[in-house]
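One structure is given below, represented as structure tokens, and several questions about it will come after.
Chains here go by letter, A, B, C, D and E, matching the order in which they are written, and residues are numbered from 1 within each.
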Amino acid sequence: MSKAWGENHVLRGLDFEVRAGEKVSIIGPSGSGKTTILRILMTLEYPDEGIVTVGGDPLWDVKRGSKPRETKQMRETRKKVGMVFQQFNLFPHMTVLENVIEAPVHVLGMPKAEAKERAVELLEMVGLQAHIGHRPPQLSGGQQQRVAIARALAMRPRVMLFDEPTSALDPELIGEVLGVIRELATTTDMTMLMVTHEMRFAQEISDRVVMFDKGVVVEKGPPEEIFTNPSHERTRSFLRAVLER
Amino acid sequence: MTWDFEYTLEFLPLVLRGLVVTVQVTLLGMAIALVVGLFVAVVRRLKIPVISQIFSFYVLFVRGTPLLVQLYVAYYILPDFGIQANAFVTGVIVIGLNYSSYTAEVYRSGIEGVAVGQWEAAKALSLPPSRLWGQIILPQGIRAIIPILGNYLIQMFKDSAVLSAITVVEMMQVALSFGNSNYQYLEPLTVAGLLYVAISYPASALIRVLERRFATTQ
Amino acid sequence: MSTIIEYAPFLLQGVGITILVSFLGCVLAVITAFVAGLMRLSSHRILRWPAAVFVEFFRGSSMLVQMFWLFYALPFFGIQLQPITAAVIALGFNEGAYAAEIVRGTILSRAKGQTEAAIALGMRPGLRMRRILIPQSIPAMLPNFGNIFVDLLKNSSLVSLVTVSELTFRAQQARTTTGDTVEIFLTILVVYFILSWLLSLLMAWLERRFALDRRKIPKIRPLKSILGGGAVR
Amino acid sequence: SKVEPGGGAAPDTLAKAKEQGYLRVAIANEPPYTKVEADGTVTGVEPDILAAVAKKLGIKEIQGTTVTYDSMIPGLNANRWDVIAAGLFMKQSRCEAVAYAEPVIVSTESFGVPKGNPKKITTVADVLANKDLKIAVLTGGFEEGILKTAKVPTDQQVVVKDARSGIEAVKAKRADAFLLPTLSLEDLLKDDKDMEITEPVEDAPKTGSSAAFRKDDTKLQEAYNAELKKFKETGEFDEILKKWGFDPTVVKGVTAEELCKNPG
Amino acid sequence: MSKAWGENHVLRGLDFEVRAGEKVSIIGPSGSGKTTILRILMTLEYPDEGIVTVGGDPLWDVKRGSKPRETKQMRETRKKVGMVFQQFNLFPHMTVLENVIEAPVHVLGMPKAEAKERAVELLEMVGLQAHIGHRPPQLSGGQQQRVAIARALAMRPRVMLFDEPTSALDPELIGEVLGVIRELATTTDMTMLMVTHEMRFAQEISDRVVMFDKGVVVEKGPPEEIFTNPSHERTRSFLRAVLER
């Protein structure tokens, strides 16, 4: 799969696979294309060429030079994928509860009562039962991000994408969000892809870490290996810059 | 200079009645501008090949030409094509369409002003178009532009004076025609001018308050 | 078509006067905008208040009223302006009052971080305004000024109502004489459109020329100035 | 007039005009009374006479400004121009506001109507009799006064800004007839096959006009009247009138005083 | 010294002293008033009451309830203080060089040639000799922040204030700015006050660390002590949240 913005080749002949239930962290310097991968998986961006499948179903199948269009197939496959954004992207004019039930009710067609019940459960899980009736702007960043996680989970996705879920947060609030993600990682069999700069956290929860630079995978492997004994110079220098300061 | 108070009292009721017409013109014109503008904005946004471009050109052309000339054209030329309307109706429609080219842009900025993240979040949740527009985009987008639309309302209130050029009997026209039958423009024009300020200044002050309120609650 | 050809020189002179009036109006509007805008930013009430009254008055009433007033009422106060002068003043002061708010708003919007940086470097208020705030606000003001100029050009048609013999005025005359209403009005409609288009091209060029960060401005935005209009008003 | 522009002593307009070489005149661009040529020069019956008499007064030329009738007197009083020579017909209120010279033209009024005069409008009384009729008149024009004096309701009046608009109002069926001086209509409709002109309206007053000056410009008015009187004796005067389609004989003996009695 | 925004008492009876040449790091949770202290020292904000002196000269001397005005004395004292902002606040309409010489020339009245010479030296020091003629928007965040440091240094301040100088930067660019600050800390005898969330860096360069919460100093002392053996529970919980993730 490839993707370019004009002359800027962001992803170059990328080819990798994530097994069902696997937890994968994507690391790499700024501008290396990490976000772009997630956005393509969420169909917010289209690849210039290549094939992407989710759980065996095709999501993208693009020939070079053609501009792909949204298909019904794609829309169905997309429902299996959930995403948590760096900037939370909650709907500010709806309450926390409304945010969480919006999609189950109007996309999956779940009855409202059932959706509410599930939403309350999820909000309890992320520790926000007390804020069900509040609106997002009244919450702290950490709380908002937890709502965003609950909202994505409400669709029961098979794959969850996290794009630097903590980088817009104050240092003290990061912990609470990472706590929720850790919980998810250890207690569910959801497939998780996470872009993060929290190296210690990535090491702790991932089955595999992928190091990325200039649109190609530099190195991938179990976290112990990547963090303690990287085989590429680029990985070493990146880790040095991020960790040793 | 001497100010003729007797004269002033004589025309004041007439000018105030003209003010009522001015307000009518403004409200009706704005109603047209709001509806047509939204229509134009949405059609342009949908990017339907030829039609969206025609609408873009419409906005461009209406914005690039003077209201006065548009009024003349509508008033003097349209009847040639069999479109009949008296001065008041012509005036209201022209000023409404003129402003629709502005409101279309305001709507557009409102729609575009909704954070990209909101579109993306809606897409990530697979929300259908009706929910996307009806629940996510328009409620947020229009809320943000209410003060701007308010400013256009005030602007239209003032611009409606131009309709006097096609003899719509609004406040300016009343002032002028009273002035001409008594051969004295000073008093009616001054009074009309002050009435415009007396209405539009508090109105824009109100809008500034609204604007601040909207800004803080967002 | 024959009417247009016969009246072309007559109408073209009108275009010349339209351009002249608009140009002088723009110059006056810019001067007015900076004088009134900076006065409103002053910390002295004696400067702030008159500027505020001026701006609110000219923004608050109709330009047409202002023109008629300058033309037919001002002479009773002993001031006899030439028609063109009255027209330029009405256009320049009215649009200048709007533009004053642009000047004020743009400078204010820059003010926070930049003012603080300047204070941290020990710069006094005058120096801050002169060296930092005004120069860097100008590029940000350009698009808004572009809208003001296009607006002013269009409003210059109103001066026909106070006997300035510009394009619209002459079109009316030619129409009265010949009765060829359709040809004449459609022609000047197109002429105005072309004029505002050229003006917005010029502004787009200026914008690019003086952009602080040239990469952020797309290469060609021909009609943006016409399109971008209004929101400030 | 109620107030004086500039407030000071009455200025000597005659002397000033002589010195600067021109007189500022308000016209309406309504042939045959006034006309602006494609090259911008001002002509028509009244301006031509004004120019001729002014020359005799030692004023080289006249400079015209086209204005609507309603702005002529306010503009004159605001010192925007020195004289009106536009077929601005005399009537009581106007004669109180400005100083007319002796009449140079006398005119009748007619209706401009669609071919065949479908609504059969020939007199002001016809208009009063049928409430559905709408009559176009010029804003601030003499005819507006005629309707007003006859108590024609305002919703039966369609006020237009210039003569061409009046014709178009009738064609667009915004009005059923256009009340205007007979000669003006003749000029406007000379090539028009869709409209016709009624016989002079019987119940409309006889009207006439001439140059109008500011009330305090008596010196100019008197000098002008004196020269005009002499000029009327010459064949030149008759020629100008005939050139524009007027009958010189009907003017003879009519005075401003008489026409100023017109109501309105 | 105290400061309140309405009911929000940001600084409460603060009393502390920094010795000439000392390097002090200020840490503490968001909203605790760290920025406010620096802004008062830079005279961007005024205290509600209290006395502030710099190098023995009074900067603020405010009685409760009075609104202080800018005095000549204050302006003179202020020239001894320089500040580096989180958002850089470079002047975008001037080149890098013009940014740096602006204040020396127009405030100190230094001849242009001399100011230029010094500016070039400073820009070399921060590693930007190659960018002298560029404008700030053409530079990366890290480069911009280094220009901001050079600009502040050009006034030869006796005291330098840094307000989270790296928190607006991409992770990989942080290192270059910290490098410059480290260099300053170790090679000059300037007094330095730095608000930062980079704990390891604070530990490394500070003579003293001040832990701040809700407008009061919770704890202060040498970095080893604060970071390895904090005596207050608040400090411990804060450090845990920030470090252990």
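Quick notes on this structure:
We adopt the following convention: contacts are C-beta pairs under 8 Å (C-beta built on N, C-alpha and C of every residue); 3 or more make two chains touch, one makes a residue touch a chain.
On a predicted model such as this, the values are computed, not experimentally measured, just so you know.
Common partners of subunit D and subunit E, by the touch rule above, are C. Taking each chain's centre as the mean of its CA atoms, A is the chain most distant from subunit C. One simple way to say how far apart two chains are is to compare their mean CA positions; for subunit B and subunit D this gives 38 Å. Centre-to-centre spacing of subunit B and subunit E amounts to 51 Å, using the average Cα coordinate of each chain. Taking each chain's centre as the mean of its C-alpha atoms, subunit A lies 83 Å from subunit D. Centre-to-centre separation of subunit A and subunit E, using mean CA positions: 36 Å. Within subunit D, contacts with two or more other chains are made by residues 3, 7, 71, 74, 78, 168. Contacts with at least two other chains are made by residues 72-73, 76, 78, 172, 175, 181 of subunit C.
Counting partner chains per residue, subunit B has residues 1, 76, 80, 165, 176, 179, 185-186 touching two or more of them. Here the chains touching each other pair up as A-B, A-E, B-C, B-D, C-D, C-E. Taken in their complex, subunit E has these residues touching subunit A: 29-30, 170-175, 178, 197-198, 200-201, 238, 241-242, 244-245.
On the subunit C side of its complex with subunit D, the touching residues are 6-7, 9-10, 13, 71-73, 75-76, 78, 80, 83, 163, 165, 169, 172-177, 179, 181. Listing the residues of subunit B that touch subunit D in their complex gives 1-2, 4, 7, 76, 79-80, 84, 86-87, 165-167, 176-177, 179-186.
Here subunit D touches subunit C in the complex through residues 3-8, 29-31, 35-36, 38-40, 65-67, 71, 74-75, 78-80, 162-164, 167-168, 188, going by the rule given at the top.
Interface residues of subunit B facing subunit A in the complex, by the touch rule stated above, are 115, 117-118, 120-121, 123-128, 131, 135-136, 139-140, 143, 218.
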